[in-house]
Amino acid sequence: MVSQSELVKEARENGMELLPLDKDTYELFFGPQHMATENFSIILKMDGHRVVKAIANPGFLHRGFEKLAEFRPWYTNIALLLRICVPEPDVPEAIYSMAVDELMGWEVPERAQWIRTVVLEMARVSSYLFWTMGLGFKLGVYTAGQWAAAYRERLMALFEELTGARVYHIYTIPGGVRRDIPSDKWLRQLKDTVEYIKDKLKDFDNVLFENYITHRRMEGIGVMDKKFALDEGVTGPNLRATGVAADVRKLDPYLFYPELDFEIPVLKEGDALARALVRRFELEQDLYILEQLLEMGPPSGAYKVQDPRLKALPRFKVPAGEAYAHVEATMGDFGAYVVSDGGSKPYRVQIRGPSIAHGIRVLEQLLVGARIADVPVILMSLGNCPPDIDR
Amino acid sequence: MIMGMKIKVAPEEEVKKRPSFIKPWMSLKYLFKKPVTIKIPYEPTQIAENYRGFHTLNWKTCIGCNMCGQICPARAIEMTWIEGEKRPHPKVDYGRCTFCQFCVDVCPTNALGFVSNYMLTTVWKDEELELFDWVPLPEEKVKKFTDYRHPLAKIEKLEDGKVRYVLRDGETVEFKILGYGLKPPKLQQKKEEKKA
Amino acid sequence: MLEIALRAFLILIYATFVGFMFMGIIRIVTARIHRRVGPPIYQPILDTIKLLSKKSNITHGLIYDFGIIYALGATILALMFIPLGNISILRAYGDLILITFLLEIPMLGIMFAAMSSGNPWAGLGAQRALLTLLAIQVPLGFAIIALAQFYGTFSTYEIVMAQQAGGWSIFHLPLFLAAIAYDIVLQAMFGKEPFDIMIAPGEISLGPMVEFGGKHMGMLQIQHAIALFAETLFFANIFLGGGSILVLLIKQVAVLMIAIFIGAIFPRFTIDQAAKFYWKWPTIIAALGAILASL
Amino acid sequence: MVDWRLFEPLFNYARKKSLWIVAFCTGCGGIEMPPLMTSRYDLERFGMMPNPAPRMADLFLITGYVTPKTLKRIIITYELQPDPKYVLAHGSCPLNGGIYWDSYNAIKHLDRYIPVDVAIAGCMPRPEAVMDGIKKIMEMIENGTADGWKRYKENYEWYKKNQDELFGEGWREKEARRWIPWLKKK
Amino acid sequence: MSINPIPIIILAPLIGGFLAWLINIKGIREIIGVISAAIPLGYLAYLYQQLSKETINFTLSLSGFEFNFLLYKLGWFFATIAALVGFAAILGMTSTSKDGYEWLFALMSLTGVLGVFLAFDMVSFFIFWEIMTFGSFMMVLKYNKKASLKYFLLSLFGAYSMLIAIGILYASVGDLSFAGMSVASMMLTKWKLALIYLLFLIAFGVKAGAFPLHVWAPDAYSETNQSYTAMFSGALSKAGVYGFILIYILIGSKLAYDFGAFRSTTKFGYIIAFIGGLTIVVGGLLAALQEDIRKLFAYSSISQLGYVLIGIGVGTALSIQAALFHTLSHALFKGLFFLIVATIVYRTGKTEFKDMGGLAEKMPITFAMAFVAILSLAGIPPLVGFASKWLLFEAVISQNLPILGGFIFFGSAIGFVYLIRFTYAVWFGQRPTDLDDTKDAPLPLAIAMGILALLNVVFGIAPGLVAKELNSILGKEVIKGDLFILDLGFGKYNALLLTIWLVIGIVIAGIVYFMGAKVRRVPVTDTYQSGNPVTMEYNLTIRRNFFLPLKETLAFWLRMSFDRLYQDVGKSVEDLAETLRYYVYNGNVQSYAWYLAIVLVVLALWGW
Amino acid sequence: MAKEEVIVQKVLEKAPYAEGKVKRERRIEFKVPADRIREFLMIMKENNFESMMQITVVDWLKDGEFELVYQLWSYTYAVHAFVKTRIPRDLDKARMPTVKDIYPVAETYERDAHDFYGVYFEGNEKMEMPWILDDAEQGLFPHRKDFDWLGYTKRKYKILDRFDEDKDNYVI
C-alpha cells in the first residue's frame, strides 16, 4: 500500500524539490494513449472545461526518415519515405519520384502520368473517407465512421489489385510506376467503385454533414482568419476554409491535372465546420476527377521510363542538383526537397508535411479557450497526421 | 488573388450544407440490409492475385549476385551458402522484410519471385520465431498452400548447421548451411586462419 | 418470508439476465445500422465474467470500493420497488418520486468511486455526469408531475392499474407530451448519444469509468444491466400501461429500440449544449404536459 | 470459500471471447485498426472492442514500430492493465526493427522491454493476418499458455534492467518532469 | 414545579455567556458555555411529557409593558431544534473559538433565538429578534467588517419593516399578543393588510435568506466562527421560517379571505411558495458555482430553506407539516455540514476548494460524518433529508402545482451537484503536499458531529417519530402510518423496508465484490494519464471552476445579480448622502450606517 | 517565364546584396548572406510571398558549412522561392537570427533545425523546449553528416550488425 504522503516523502528523501502546485489550473495529458489522438500528445492546462494553454508534444513517431534516406539507394527510399504519411502513402511516393524525375531530367510517359494521377486521386478519396471516419468517431456518430471505413475497403481492394499491397503500395517510382494496370476489368471496377461511393455520399450527408448536432458541435470553434492562416503556413483544405482559393493542383499543376476540370471549394468562416465542409466537397470533386480520368482512358505507351541506367538499380545514380516537388494532399501541401551530390544515395531529403504547420503552432493557438469536448473536433478538423510532423 | 490564373471556385451554396433534424433518420434504412462484413474465418477472403506476399526462390536459376541484398531497404536479405549449391542463395528475414519486393524487381534471372501468401503468425518464442527467417523455397512448394499461409510448419535446427524445413503438409526439405556472406565460407575460414 | 426472498431472488436474476440481453441488443442493433454483424447477444455476460475473473485489481481507497458496492446495491433496491407484472414484491411502496430518486442514486455511488481515484479525466466525467443529471432533472420532474397529477396518485402500481382501465398513458395528450420528454431524458439515462457526454470515449476516455478495471468494472456492468432493465421497466409501466412480464418485455424492447435509433444517428452534444437543449424543448413539452394534466 | 480454479475453463473462455483492446496505435499499423474494428472485418463479432482506458483492457496491440518515447508510454500503459493481459505485436518492426533496423529512434527487440505473446509477419500485416494473430492468441488463452503477464511478473527485474539501460535510471520521474518548467511558466 | 422553566430556558445561555466572557479562562469558559447551552436542551426535552397535556405560560411585567411567553407545541418544536443545533455548535466552538467575546455573543444569539420561539407577543418577539440579530452581527463583525455591515443593513431593513408592520397592526387592533392579534386582524382593511403582509415578508425573508433578500447570508455565514455558523444556519434562519408561520397565525385567515385563492392555494401563500422556489434554484445554482467551501454551504443553506418556504406557502396541513419536517432535517444536516466545514477550516486553515483535496485519507471520521450529511442533504433514502423532501413533493403535487414541484425536483438535483463538487474538491483526489500533516476532528467537534449525524440516521429510518410529533402540533392526523411508514393515502414511504432492502442490495453487491480477486492500493500518480508518467507536481484535480460549463450555460442569468443591484442602490444612496453631508454628516460610521438604513426603509415604505 | 523573372528583378532591386535566378517555371532561387536574412525575408514578405513552407538545413560536410534554405511560397504568383544562405557548421558558430516575427510558422521549423542540426536561432524562446527527440538524443544532433548513426544505434540497442560474425547475441 503506497499512500500519497509516502510518495512525497520518498521524493523529498531523494533530494527532489517538489514545485508547488498550480492550483488555478490543472494539467491534462491529451494523448498519446487516447482515442482522439493518433500517437500524438497535447499537454493541456485546463480551467474547468476550458483550455488555458496547450503545448503540442510531438515525437512519438520519429524514426529519423531524413537521416535514414541518406543511407539508402535512390530507389529503395520509396519503400521508406511513404511511411511518412500513413493515410495516403502515395503522396510521399509521388513527390519523391517527381523530384527525382526532375533531377534526372526524365520526361515521364503519359501512361505513367495517368496512372499516377489515378493513384493520387484514389489516395485522396481513401484518405478523405478515413478522415470522415475519424470525424464521425470523434463526434460520436459511429454510424458514419463505420460506413466510411467499410467503403474505403473497396478502394483498398483496388489498390491491392493494382499495386500488390493494401496500405504501403510502393508503387510510384522515379520514372513511372512499378506495374501496369492489371486489366480493363480493374478500370471497370474502379468505375463501379466511384459510382458506389458517390451514391453513398448522400448517406454521409444525411448522418454527418447535414446533421443538426454536427453543425452545432463544429460551428464557431477553432476559428482561423486569412492572415493568421497565411502567416502560420496553413495549406490545403484548412487554408481554403479561410477564404483563400489555393490549390497546388491549380497553382503548380502537375501530372494530368491541367487537363482536368474541377472546382475548388472556398469558405470564409475558417471554423471547424468550414474545414469539414470543404473536405466534404473535395471528396465529391475527387470522385468527379476520377470519373473524368476514367472517361479519358489510359493513354497508350510505356508505364515507365525506358532508361539504361535503370538496369542496375542499387547503383543507380542521380546527377547533382536539387529539386522540389509538391502535390496537394488531403492534409495540405505536401512537398519534398531532394538534394543530390551525384552519388548513388540522396544527399539530403526533406519532406515538408503539412501537419507540421497545422499540428504545432496552429493547434496550440486554436485550442486556447476551447472546451475539452472541442479538442478532438479541432484536431480532426485540421486533419493532422502525426507521423508527418515527427518524420 | 492569383495573378494571371483562373481558378474555378465552387459556389459557396454548393459547399455549404443546411443542418437538419430529419435527414439523419434516413440512415436507419440500413438496419434491415445485409451487412457488408466478411465473416472471416467462416468466409474466405479473396485477395489480389499478385499480392506481395512471401518470397519464392528458384534455387536452380539463382546466381547469387546479391542484387536483392543490395536493394533491400531493410537489409533483410542475407546471402547463405548451402551445401551442394555453387552460389549463395538469399535468406529472407520476415522480421525485417517490408514486402516491397524490390528484390524481385531487380533479380536479373527472375529467380526470386513472390506468391500472395501473407499469413505468418507465431507465438513469441525463440523456436517459433525461427519461422521468420528462411531461405525461400521454389514456387511449386509454396504455391500449393492456397489458404494464404506461410508454407512452413516449423524449422528444425539439426546438428552441425543442418536445418530441416517442415512444410505444413508434412513434406520436408533438408539442407546444410555452411555460412553466410558474399564470400564462400571456406575462404572466410582461411582468412581467419591467416589472421590468427 | 421465504417466498418473498425467493421471488426477490428470481426478479433479480431475471432483471440481470434481461438487462444483459438488452445490452447485447443495443450492440447488435447498433451493429446492424453500421452494416456489420456485431457481437453475439450474450456478449455482455462474457465481458462481465471476464472482468470479474481478473486476477489483479486496484483500488484507490475505501470509497473507491464502497461506491461501486453502493451503486449496485442501490440499483437492486430501485429494482425491487418497480412493479413487474404481478410478481413484484414491493410495488405497494413503489412511489414515483421514490423510484425516480432511487434510479439516480447509483450515479452518486459511481461518482464517489470515480472521483476518489483522483484522475482528472474522472473529474471531468463527474462534472459532465452531474451537469447532465441537472439538465435532465427539469423535464424529468415535469414529466413525473404530469403523471402524478393526471392520475392523482403517486403509486406506480396504481398508475399501472389505472392504465389498464383507462388506456395507456401515452394515449392521453398531456401524458403523451410527458412521455416524449421522458423518452429524451431516457437517452441520457442510458448514456446513449447525443447525451453520452459523461463517458465520451473520444473526448475524455470514458470519464468516470476510466480508472475502473477488473471486478469494479464487472460490477458496474451488472449495475448497468439492472439499471437498463429498471429504467425501461419504469417507462413501460408508467407510460405504456404495464402488463404481464412478457408484455412488459416487449414494451421494454420497444423503448430500448428508440433509444438505440436515436443513439446511432446523432453525434454527441457538448455538455453546455445538452443542458441548454434539455432546458428548452423537453422542458417546454413536459411542462405543457404537466400544466395540461393539472387543469 | 469457493475454489475458483474449478471455474478457470469458463473464465478462460470468457477471457478469450471478450478481449478488450487498448486504444493505442503505436505505429503505422494503427491504420489497419479502423478497418478491423469497423464494418468490413468487424472484430466485435469476437467480442473485441477498442477501449480508451488501459485499466479495463486485456489486449495490447503493438501496431508497428516503437520509438523509445512511445515505449515509455507503452510500459506505463502496460503496467496499468490488470492481469491477465496479453500483447500482440504487429509486423516486423517490434520483432527486429524492420525497415528501421538502423534508426536511432526505433526499438529493435520489443521482448526485451515488455513480454510479447504473439508476433505477426507483414509490413503492415493485412487485417486478415491480424485476425489470424488474434485467433492464435485466443487459442493460447483457452489453453492457458498466453502467459506473458506471468513472465513480466517473474522476470520483472530483468525487464526493468533492460528498460533502465535504454532510458536511464529514474526515467519515469525524468520524463514526468520534462514539461514542468514549460507548464509552470506563465 | 415551582419555578417557571421559560426564563431558565431563555436566559441560561445569556447568563452563561456573560459568565464565560467575564471569567475568560480557557477551560472554564468552555465548560460554562457548554453547560449553559445544554440547559435549554435538557429542559426542553424534560418538558416534552408535560407539553402533551398543557402549555406553559410566563408573563413578565416591566414598566407597564407586559411580556408574554408561551411554551406550546410549535414553539417547543422550533426551540428544541434551535437548542439542539445550538448545543452542537457550542460544543464545536470549544475547539474553534479563541476568546470569551465569541462565547458571549454566540450564547446571546442562542438566547435570542429561543426567546423568539417562545415569545407570545409582538414586543417580546421583536426584542428577542433584535438580541438574536445583535449577537450574530457581533459574531460576524469580529471576522469581517464588510460582511457584517451588509448583514446589519439588511437585518435592519428587515427589523424596521417588522417594526412598522407591528406599528400598523398595533394602531389598528390595539393588541400586541399573538392571540389578540389574530382575532383582531379580521378588522384590517385590504390594503393595510397587504402592506403588513409585504413588510412581514421582507422582515422574515431577510432572516430566512429568501430570494432576493439572501445576499447577506453567503458573506455572513462564511465570515464568522465556523462552528457558530452551524447555529447561524441551523437555528437562526429558523427564526425566519417561524416568522412565516407566524404570518399564518396572525393574519393568515384574513389574508386568505381577502385575496382569495389561486386554485387550491391561497394567493398570498403562492407568493411565499414562489419566493421559496426561486430561492431553491438561485441558491442551489449559486452554491454550485462557489469556490469557497463556506460560501458553498451558505448558498446551500439558502437553497434548502426555499423548500421550507414552499411548504409553508402551499399552506395545507400536509405541506406545513412537510415544511416543519424539512426545518428539522435542514437543521440537522446543515448544522452537521457547518460543523464539518468548521473542522476542515480549523484543521487545514484553508477555505478555498483549490487548496484542498484528498482529505478523506487524513480525516476519516469527519469524512464519515460528511458522507451521512451528503446523503441526507442530497435526499438519498433512507436519511432524513429524503423523508422531508418526499413529503414536500407529495404535498405540493397533491395540490396540483406543477411549477413548484418542478422547483423542488430541480432543487434536489442541484443539491446533488454542489455536494459532489464539495466532495470532489475536499475529500478526494490528489492532496496538496502541505496538507499531509492534517489531523482528524478534535473530540468536541467529533461529538457534536456525531450527535447530529446520528439524528440524521435515526429520523431518516424512523420518520414516523417526527411525523407523530408534527401531527400533534397541528392537532390532526395528516400523515398516517407507524414509526417507519409515512402514508399519505396517495403515496407511501416505508423507510425501514427501504433500509432493509438497501442493506440486502449492498450485501449482494458485497458478495459479488468479495468473490473477485484481491485489490491492491495504488497512489494517485499511478492512474491513467494517457500513458504519461506524472509526479505530484502536476495538478491532477479540477480545483477551480469545477462547474464552469454550468457557469457558461447560465452566463446570461448570472449577469443579473441582486447583490450588485443592492450595491448600486447603496451607492446611489451614498451619493445622496454625499450631497447632504453638510447638513447631517457627523463623522461617525455607525450613524452613517443607520442613516443609510433609514433611507432604505423610507424607500421601502414608498413601495420601492 | 516572364513572371518569375519580373519577380526576381523586383526583389533584387530592393536587395542588391542578394543573388537571384530563375530555376525553372515557378521556382526561383536567391542567395543571401546570413546576416541579412531578416531584412531579405521582410522584402520577400512585402513582395507577396505570404507563406513559409519550410526551412531546410543541408549539411555540406566537405565545405564545413550548413546551407539553410528558407522556402517561401507565394499564393499571388504561384511561385516557390528558395532563399539560400550559408553558415559555418561548428556548433558554437551555427547561429542565426530568428525570423519568427516575420513568418510566425518559422518558429516550428527553427525548433526542428535546432533539434536535428544544432543551428541555434537567436530570439526564438522555444529553442530549448523539448521537441521531437527524446532525452537520450538531445544534444547529439543526429541529422548531422558526421553523426555516427549506425554505431550509435548499435550501442544504444545493444545489437550487432547482421554481417558481424558473432551470432550469439541479438542481430539486426
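For reference, chains read A, B, C, D, E and F in written order, and residue numbers begin at 1 within each chain.
Throughout what follows, contacts are C-beta pairs under 8 Å (C-beta built on N, C-alpha and C of every residue); 3 or more make two chains touch, one makes a residue touch a chain.
Note that the structure is a prediction, hence the values are computed from the model and not measured.
Participant: Starting at subunit E, how many touch steps does it take at minimum to reach subunit F?
Facilitator: 2
Participant: Give the chains in contact with both subunit A and subunit E, ordered by label.
Facilitator: In this structure, the chains that contact subunit E and also subunit A are C, D.
Participant: Ranked by contacting C-beta pairs, which pair of chains comes out on top?
Facilitator: Answer by contact count: the chains C-E.
Participant: Which whole number of Å gives the spacing of the CA centres of subunit B and subunit D?
Facilitator: 23
Participant: Would you kindly tell me how far, in whole Å, the mean C-alpha position of subunit C lies from that of subunit B?
Facilitator: That pair's centroid distance is 52 Å.
Participant: Can you give the whole-Å distance between the Cα centres of subunit D and subunit F?
Facilitator: 37
Participant: Send over the residues of subunit F in touch with two or more other chains.
Facilitator: 75, 78, 130, 133-134, 142, 149-150, 172
Participant: Two or more other chains in contact with one residue: find those residues in subunit C.
Facilitator: Counting only residues that touch two or more other chains, subunit C contributes 31, 33-37, 53-58, 120-121, 124, 127, 201-202, 205, 210-211, 214, 264-266, 270-272.
Participant: Using the touch definition from the top, which residues of subunit B touch two or more other chains?
Facilitator: Those would be 1-2, 5, 24, 27, 35-37, 39, 47, 73, 75, 96, 98-99.
Participant: In the complex of these two chains, what residues of subunit D are touching subunit E?
Facilitator: Per the touch definition, subunit D meets subunit E at residues 1-2, 24, 53-55, 72-74, 76-77, 80, 172-173, 175-177, 180, 183.
Participant: For subunit C, which residues count as touching subunit B in their complex?
Facilitator: Per the touch definition, subunit C meets subunit B at residues 29, 31-37, 261, 264-266.
Participant: Inside the complex, what are the residues of subunit B that reach subunit D?
Facilitator: These residues of subunit B touch subunit D: 35-41, 45, 47, 73-75, 93-99, 118-124, 129, 132, 148, 150.
Participant: In the complex, go through subunit B and note every residue touching subunit A.
Facilitator: Interface residues on subunit B, with respect to subunit A: 1-2, 5, 7-10, 12, 14-21, 23-24, 26-27, 36, 47-52, 67, 70-73, 98-102, 105-106.
Participant: Report the residues of subunit A in contact with subunit E in the complex, numbered from low to high.
Facilitator: 1-8, 11, 18-19, 21-27, 29-34, 41, 46-50, 371
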